[in-house]
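Pasting the structures here.
Both of the next two complexes hold subunit A, though its partner changes from subunit B to subunit C.
So, the complex of A and B:
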């Protein structure tokens, strides 16, 4: 992924940027894959309910402690992270696809540009989270509510970047030369437009991801997202509110920390990708 | 002559331009909001009847639907809603059983107090941390502050709120974990001090949303100033980096930082929805969640419209602040 998408600017193999990409990419892969793999390895039924192990603080047997029903929080948190990651992935794919379509359409057609400009203005007219709540409400809540709510609201930033990038490339001299040489439109799109836009799309996708999972958790926390019978960080944290006044801090600390680590690693990786794709930035 | 008049009237021009935008944006946004709310797979009559389901027969349901105009096609209903709005009738909230406009007026104060406090808290903290990081550029305080900004931007705000409750309300017992007033008392019966202690944790929670952008932005502006010839000149006269950043860099950074912060004020509303729910704060955010879970379409629409206007005002103030801080912007279209 990194090699093909970063062909815009050659990066020396030993350059600090390349090294940052490699280790951050590796970290993201690990953080991304670990909860899913572990959750797949766990038994289907989830951690067992048991009265004997209720509200235990963290110990060697239960590194994240146990909840009010005696379930092991480590297993629950990992299963929940896996759900969060999957839903974040769907939402980020949806948003990126929308951004690509709308950004390119705006760059290529002036009338569409107007309409999409108004759409963007409307999408940004409400606070992000309020709009997500409204879309989730319109979709009837549940998993689809979350995916649509988050997916339909995160495209404006990337769409703007892509629109600008496409317009810049389309107006560049080398494109004019290609046209004069009689290259077909598709050839120009493949050889001139794609290499410039692809890195932006990849970086944009990775950067949407942390927002997607944080907003997903917020929706589920309010009871407007993932239904309570599924494990999800938002649901776990909303349940933790009941225990927190009794001093059961571990039920809240570890699941949130897990979510933060996932979001943080994607944020760092995406930022590095964005810098690698941006020719104006110096080598990190 | 003409040019001078234009220059003097940049504020009037900006206001006029925004007024025109408001005139086309609001109807479009209303249509969008109405569409969203009508798309929801909720039967409004069922939502209204709620628990009294056994006492309401099919004829009564049909009568309610008829009285509300639910059988009319969507454009007609939209028009009906608009004409009611024009008459100042925002409908009646199902969950609170009160007129929407009264509810909003009643609850807006608590929300504005929360968001306003969070706004200034975030500004004070984010701005000074950003300047400090710029002054200490490359050294450990800078790394620490930048790390804090990145970590905060990747943390769910409501999780931070739970940790705050866990530490300051449960562990140390310094601050209350709930509500705007002590249990059983109204706001009028509560002393100012008690009201302020109830405000601290929710306000910190909301402010977390805005701090990291503010830190990074004011740091970048202050760093740009510290690299300028003017700063080098002052340094040659013996000004320390801290003094340079806080005495002179602050002037360069405050305008842009304030602009970014005002433009992001809408995001504080998003943060307040979560914070108000956690702390049982009697504001609009809490009402939004209850409206969404209780299928209370009139309240949801009313709050969305109020929020839209709030964000619009935030953006307008941001533009005015930017032009006050940087006169060059006034001449641009």
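So, the complex of A and C:
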């Protein structure tokens, strides 16, 4: 008997859903790998300040152009995206861990459920960018300020999904049957509960990435996130405001596009994972 | 061999069962009827040991039902599509408690080719038979069939009962048939009891 606890629901070999999963998974992998590979291929002097190469439009030597300090925008943007992905990763880990713990605790204990319910309502009721700003500011800004800000504010949605899913499975007829057939609690948790929750956890994890990346850019743009000497899309966009007025469109366009592509590919992949995890979606 | 003595049970102050007693002899087919909400499925859960009554007791061969599951009394739930994990394969569902008995699979016309399929890929009648088959364990002596053919068309229902009755008989199993269908109960059962609905006063 194969261990099904890590598998999603059955997907036909040639189904559109499977194709979408492969395509979008590939896209995310490329988004992870591309900045690293391209950064390796770029000249080492790329991000260095240079008076001779100030405000150059895109060319073969500088595909994204250069900024007011003569730095290569391609190297800066890719380094910034690598930071974004890293922040997304840590924020998603923190958020998902909180969501799993709080969601399961709420599903298993009625008293905890009430407390966590109030907490969830509060977190969802406040405009969360305000909350992120407060947390990031309180944590002293920087990369970890952004990670904490995003991580501590993005668990409620997934926690709710997991709480509901765990309660549904725990009360399901098929669990009662397994119990009547002599299966112990732990076995049921492993063979019924985990396979139902795991795809939701994975999809929720991936779906936090685009939020983290966009919030990092937003915070850094406002000056609350990544300090200006580190590469960050938010810092770049904030600096580019002056450049755009001088006609230097490339300092904003390419980093902005890069941000959009990264956020969108995670969003699409996460959404496809969520659909694949949802048994109510028709088997295509 | 299975005796229920003055079973009473209330859910959140609302009485569902009030001093229900019954006796089941080996190999008997007992019909159980009653209006919706009269407590038929609740009684089935009490008799199978899944639910403890507030008062009264269930005796198996003179002793309390064995605490260890799987017990001798198995309750086949109403809706097969809710009673199987949608993420499991049919092969895994059938082997939940023990490797399935080939005699049971053959009698219920469960094809080996289904083993790799998922419940959503079976028809309602096929799924009803799969759900039923996994309760035929060596220790199963009583099968409580809770509206197991209510969702099937007449032909599929007839085929299922035609397969189930001789199979139970060969194994010396007793059946409790819960059904709203009076004609079905008359055709199958040697004896019938009716659960009265209790007034909804606490």
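The working rule: the second predicted complex is superposed on the first by the 263 of 284 C-alpha atoms of A that agree within 3 Å, B and C clash if a C-alpha of one lies under 4 Å from a C-alpha of the other, contacts with A are read in each partner's own complex, and residues count from 1 in each chain.
The rule is simple: contacts are C-beta pairs under 8 Å (C-beta built on N, C-alpha and C of every residue); 3 or more make two chains touch, one makes a residue touch a chain.
Note that the coordinates shown come from a computational prediction; the quantities given were computed from them, not determined experimentally.
In the superposed model, A:100 makes contact with neither subunit B nor subunit C. Contacts of A:121 after superposition: subunit B is touched, whereas subunit C is not reached. Within the superposed three-chain model, A:177 lies in touch with subunit C and out of touch with subunit B [touch as defined at top]. Touching more residues of subunit A than its counterpart among subunit B and subunit C is B. By the touch criterion defined above, A:196 reaches subunit C but does not reach subunit B. In the superposition on chain A, A:208 contacts neither subunit B nor subunit C. In the superposition on chain A, no subunit A position is in contact with subunit B in one complex as well as with subunit C in the other. Considering their complex, residues 1, 4, 7, 9-10, 172-174, 176-183, 192, 195-196, 279, 283 of subunit A touch subunit C.
By the touch criterion given at the top, residues 118, 121-122, 125-130, 133-140, 210, 214, 217-218, 221-224, 233, 237, 240-241, 244-245, 247, 249, 252-253, 256, 259-260, 263-264, 267-268 of subunit A touch subunit B in their complex.
Touching subunit A in their complex are the following residues of subunit B: 25, 28-29, 32-33, 35-37, 39-42, 150-151, 153-159, 162-163, 165-166, 169-171, 177, 266-271, 273-274, 277-278, 288-289, 292-293, 300, 304, 307-308, 311-312. Residue ranges on subunit C touching subunit A, taken from their complex, read 48-50, 68-71, 74-75, 77, 79, 82-89, 91-92, 95-97, 118, 120-121, 134-135, 137.
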